[in-house]
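Each of the next two complexes has chain A plus one other chain: chain B in the first, chain C in the second.
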Partner chain A sequence: MNAAQHRTIAIVGLTAPAYLWLALTVLLPLCAMLYFSFLTFSPMGGHESEFTLKHYASFFEKRIYWYNAWRSIELAMYVTTLCLVVGYPAALGLAKYVKGRWREAIFLLIILPFWSNALVRTFSWTMVLREPLNLLFTYPAIIIGLVHAYLPYAILTCYISLQAIDDALIEAARSLGATQAQAFRRVTLPLSMPGVLAAIFLIFVPVIGSFMEPRILGGKDAIMLGPIIEGQFNAAFNWPLGAALSFTMLTIVLLIILAASPLLRRQLART
Partner chain B sequence: MGRIVKPYLGVVLAFLYLPIGVMILMAFNRSALYELPFTFDLVWFKALLSNQRLMQASWNSVWIATINAVIATILGTFAAYAFARFEFRAKRVLQLLLFPPITIPWLIIGTSMLIFFFWTGIGRGLHAILLGHVALSLPYVVVVVGARLASFGPQLEEAAATLGATPMQVFLRVTVPVLAPGIVAAALFAFAVSFDQFVISYFLAPPGTSTLPVEIYTAIRKGFTPEINAISSIIILVSMGLMLIVARLYKFGGDQA
Partner chain C sequence: MSQFLISRRSALALMGGAAALTFNRLPAHAAGQLKVLNWQGYGTDEKWALELFKQKTGLEVVHDYFTSEQEMLTKVRTSPGIYDVVLMNNIYVMEAAGEGLIQPIDTSKITNFADLTPSLRDSPRFVKDGKHYAISWVWGLTSFAYNTKKISGQPDSIEALWDPSHAGKVGWRDDALESIQMAALATGQDMNAPADMDKVKAKLQALKSQIKTFWSSEDEWNKYMAAGDYDIAVYWSGSAARSKKAMKLPVEFVVPKEGAIGWFDGLTIAANAPNPDGAAQFIDFMVSPEFYVRWDNEVGAPASANAKANAQLPEDALNRKVLGDPEVVKRVQWMAPVSEEQRQKNQEIWDEVKTGFAQ
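The block that comes next holds the complex of A and B.
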């Protein structure tokens, strides 16, 4: 056996176990779901099932589906915007105005809750939002819970790109006569855009697919695409319809990423 | 500008920790209805110990997270090593394939696993949950171990090989020891990913068997019980503690060299 063959065996041996696992648990299941979404019934338990497009058609025909898909998108826009409005200044302050051990400590404190249990954190809001605030089971409760869940993402990604900006660039702008606001708008903000875009992507996508937070905090305002899909699998047991709705959601997510990608590429090219 | 930064960061931190603090406080409050005044009591922690369902679910969660950490760390370290030390054509594609498990909403991943596992006869259960958790942990392990691998070149390994070590010896006696902090961080990370995972477990748990987050969700949906506060407080303290250890071993995005 020669060296090239050794090398090939090493590469295949090292990567195959992980990728076979991913194929079995992610790739094949997604294919199976795509197949199911075109069937009249689940092909299990002796059901005869045929090819159909009716599940996809019903997404456009029935208001309950497209309207609630829009509600999910709308929720994701609110949550993403709020996370950035609150998170960007925090990241900026942390990256440019706090130094040394304080910075490290605060940074750690911000990302710590982010790695703890999302379900438990959502549950903890039920204790704060009940009486006397009386916000529990309302739309704002869902937004508060989700902003709480994803704010650390926004701070983390903005902080990483802000921290990488050389202070000399900002000083140069200032010494050439730019005001503090101008220096921020023309130097700091454009250079930190990759972090902002990463935050948008990392928050928008999971919020569209959220169902646990709306269910726990939202009461009757929880009706949106995520909980509806969950219902098809755990209550209505209409798996083909659930699969079609899942794929529609995935398509919406991909379209949004695709729409954002020229912007993303331009940003990457600039940096 | 500098003067308002610290108060602002204080407000942000208060927002992040407020609900967690309230929940932990209420776990030690005697009233079952979260009524004030606060009376310190351990009654809910005692109740927790006699709650068979929650104890069984906790045990399941710890076991799955442990086995998941072992499997994901081994498979992920192998893959990360291949990416760091070899150039090959499929590399870019393989690296891109790590993204779907962490970027596609869990709801979609979870329901597709349910369909596929049910259809093929793998079925639901703790084994199915484990299959899913490893898939979610793998990308993180590859990234964390990969970052550590990138921080030292192949020179050490080449030196060992020149001195007569076999490839296996090089891997076990040189690569693994140098990688150790990255591997430990990745393993703790994988443990946390699994221990905290709710959505996928929720779809793959058959009636009667569950992990801790699934059991907690069921309890929340049925109505509030302060025992849930007690177990939730334990969970949140354990996972934050774990992450503090990881942060010591491996600096996330901080002032790393």
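The block that comes next holds the complex of A and C.
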């Protein structure tokens, strides 16, 4: 056996469990949902089902769907931007200025919210937002709840990128006459872009599908595509329409990512 | 590579809700166990009652809950052989029976059967070809309740929910069917087939300045009422009795002059129930005065389908005084089954109204 064969076996051995797991738990149910989305009725409702594209047409024909899809995208933009505005400086501080035990302690504080149940976390926000902030059941309340939920993603991904930057590069820039701001803009920021982009994808996409936080915190402003899809599954029992709305949204998100990928590749090439 | 990973993640996120619903796992059935599917806090899970039932039969009752009737159907459809007893609103019983989700019940095993109110017990919503697919358990009304400390003088009209003096203090349930029925009552229409849907929609849109936030469970209703978010809110009669008694909230349930939505619930046995005999025993216990009177007295309950049980309540109990009043019962419009097409239309109208709320 040569080295290349060893390598192949190692790769297969290491990645197979993860891919098998993903295939079973994610791809199979997804395929079932994709199939449902082309049926006239839910196959479990005791109806005769036929092939149809009408659920996909609904997304574009009915204002409630495309308009609320836009509301979801808009929300995701707010949340992602705020996560980065708050998270990037925190990551920079952690990676470049905090050392030793303090760093561990601060990390623990960042990860701590992850260990609590999302529902519990959201309900605890209802108390703070009602008094003294008086923001409960408003649009800002949804943003606050979601930023809290996704901020650790922003901090952790940015931190990993920032921490990998060799301090010598920044020192070199400084010794060549760059101000601190210039060194940051020309060296640190470009080199940390992979982390920023990873954070954008990790936050933007799940926020588009969120329905629990809007429903609990948002009051009358809760309606987005996420809650509408939830309603199709839970209240109207129209799985095909719910699935079709999900896949249409998924396609739109993929198109956004595809459009953004040249930028991604350029940034990666630079590093 | 990164694109590949991300697309999978996004798929996960978008489908997360659906996956969580469909593929929930329930622990395997243990011997001497009875699995009940019901709303949380809706009688069958009273701790004292389950202890009493265990003393009598040796059976241990475990619960699974749903938060909407569609979720109940979904759970019964996707988890055959898991549940023994399932609580069902009358309008879903024939649908479930038609799909083979529930089985006919041997009424000879229900010792309290003769005491159940015949109009409910033998309703065509429960009986097909002489077979009872559900045992009539409780009935009640959907209308509204108000905080007696915030609103003086009992409102007698459904218009109270649209009263500008309660602007931003109204609680509403996030449910398409109930919303449309309430608006139909308020516009003087047949709530099961409103002739003028535009009127219904306009009435709902007029709630924009009224609604504080939506509630989806009794627990949420109690929290929002206690926190002062609501002064007045759409509610269920049995839950109102519970909020008053168990939660000590200063609330009063109103059956307005325009009428109220009437519903009745039955207990069913799932088609592949692991323990059908135990299920019948449990249902018999649930419809007995022994269970019901204590439930209503100590906790608060909807009205019982068992006439003997209702007669044993204190004279001032809501279920005896108000729901036992034939004049009140005359104003009730009983909920009829809804076709799939109508359900979809309702959902669309309601989503449209809610989209308007958010603008």
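Just a few scattered comments:
The rule is short, and it goes like this: the second predicted complex is superposed on the first by the 241 of 271 C-alpha atoms of A that agree within 3 Å, B and C clash if a C-alpha of one lies under 4 Å from a C-alpha of the other, contacts with A are read in each partner's own complex, and residues count from 1 in each chain.
Note that in this section a residue touches a chain if its C-beta (ideal position, glycine included) is under 8 Å from a C-beta of that chain, and two chains touch if they have at least 3 such contacts.
Since we're looking at a predicted model, the values are computed, not measured.
Because the two structures share chain A, they can be overlaid on it, and in that overlay chain B clashes with chain C.
Once the two complexes are laid over each other on the shared chain, residue contacts for A:Arg130 go to chain B and to chain C alike.
Residue contacts after overlaying the shared chain place A:Ala259 against neither chain B nor chain C. By the touch criterion stated above, A:Val205 is placed in contact with chain B and with chain C alike.
A simple residue count on chain A separates chain B from chain C, and the partner touching more is B. Of the two partner chains placed by the overlay, only chain B lies in contact with A:Leu14; chain C stays clear of it.
Residue contacts after overlaying the shared chain place A:Leu250 against chain B and chain C alike.
When both complexes are overlaid on chain A, the residue A:Tyr97 reaches chain B alone and has no touch with chain C. Of the two partner chains placed by superposition, only chain B is touched by A:Leu109; chain C is not. By the touch criterion defined above, A:Ala118 reaches chain B but does not reach chain C.
Look at A:Leu151: by the touch rule set out above, it reaches chain B but stays clear of chain C.
Of 63-71, 189-197 or 207-215, the segment of chain B whose C-alpha atoms clash with chain C in the superposed model is 207-215. Taken together, the two structures place residues 22, 26, 29-30, 33, 44, 130, 205-206, 208-209, 211, 215, 226, 229-230, 233-234, 239, 242-243, 246, 249-250, 253 of chain A in contact with chain B in one case and with chain C in the other. Per the touch definition, chain B reaches chain A in the complex via residues 1-2, 5-6, 8-9, 12-13, 15-20, 22-23, 26, 34, 75-76, 78-79, 81-82, 86, 88, 94, 97-98, 100-101, 103-109, 111-120, 131-132, 134-135, 138, 142, 167, 192, 195-196, 198-199, 202-203, 213, 216-217, 220-221, 224, 228-229, 232, 235-236, 239-240, 242-244, 247, 252-255.
Interface of chain A with chain C (complex): residues 22, 26, 29-30, 33, 41, 44-47, 62-64, 67-68, 71, 130, 136-137, 198, 201-202, 205-206, 208-209, 211, 215, 219-223, 226, 228-239, 241-243, 246-247, 249-250, 253-254, 257-258, 261, 264. Within the complex formed with chain A, the residues of chain C that make contact are 2-3, 6-19, 21-23, 67-68, 70-71, 73-74, 77-78, 98-99, 174-176, 208, 211-214, 216, 227, 229, 340, 343-344, 346-348, 351-352, 354-355, 357-358. Against chain B, the residues of chain A that register as touching in their complex are 7, 10-11, 13-15, 17-19, 21-22, 24-30, 32-33, 36, 43-44, 86-87, 89-90, 93-94, 97-98, 103-104, 106-113, 115-121, 123-128, 130, 148, 151-152, 155-156, 159-160, 163, 180, 205-206, 208-212, 215-216, 226, 229-230, 233-234, 239, 242-243, 246, 249-250, 253.
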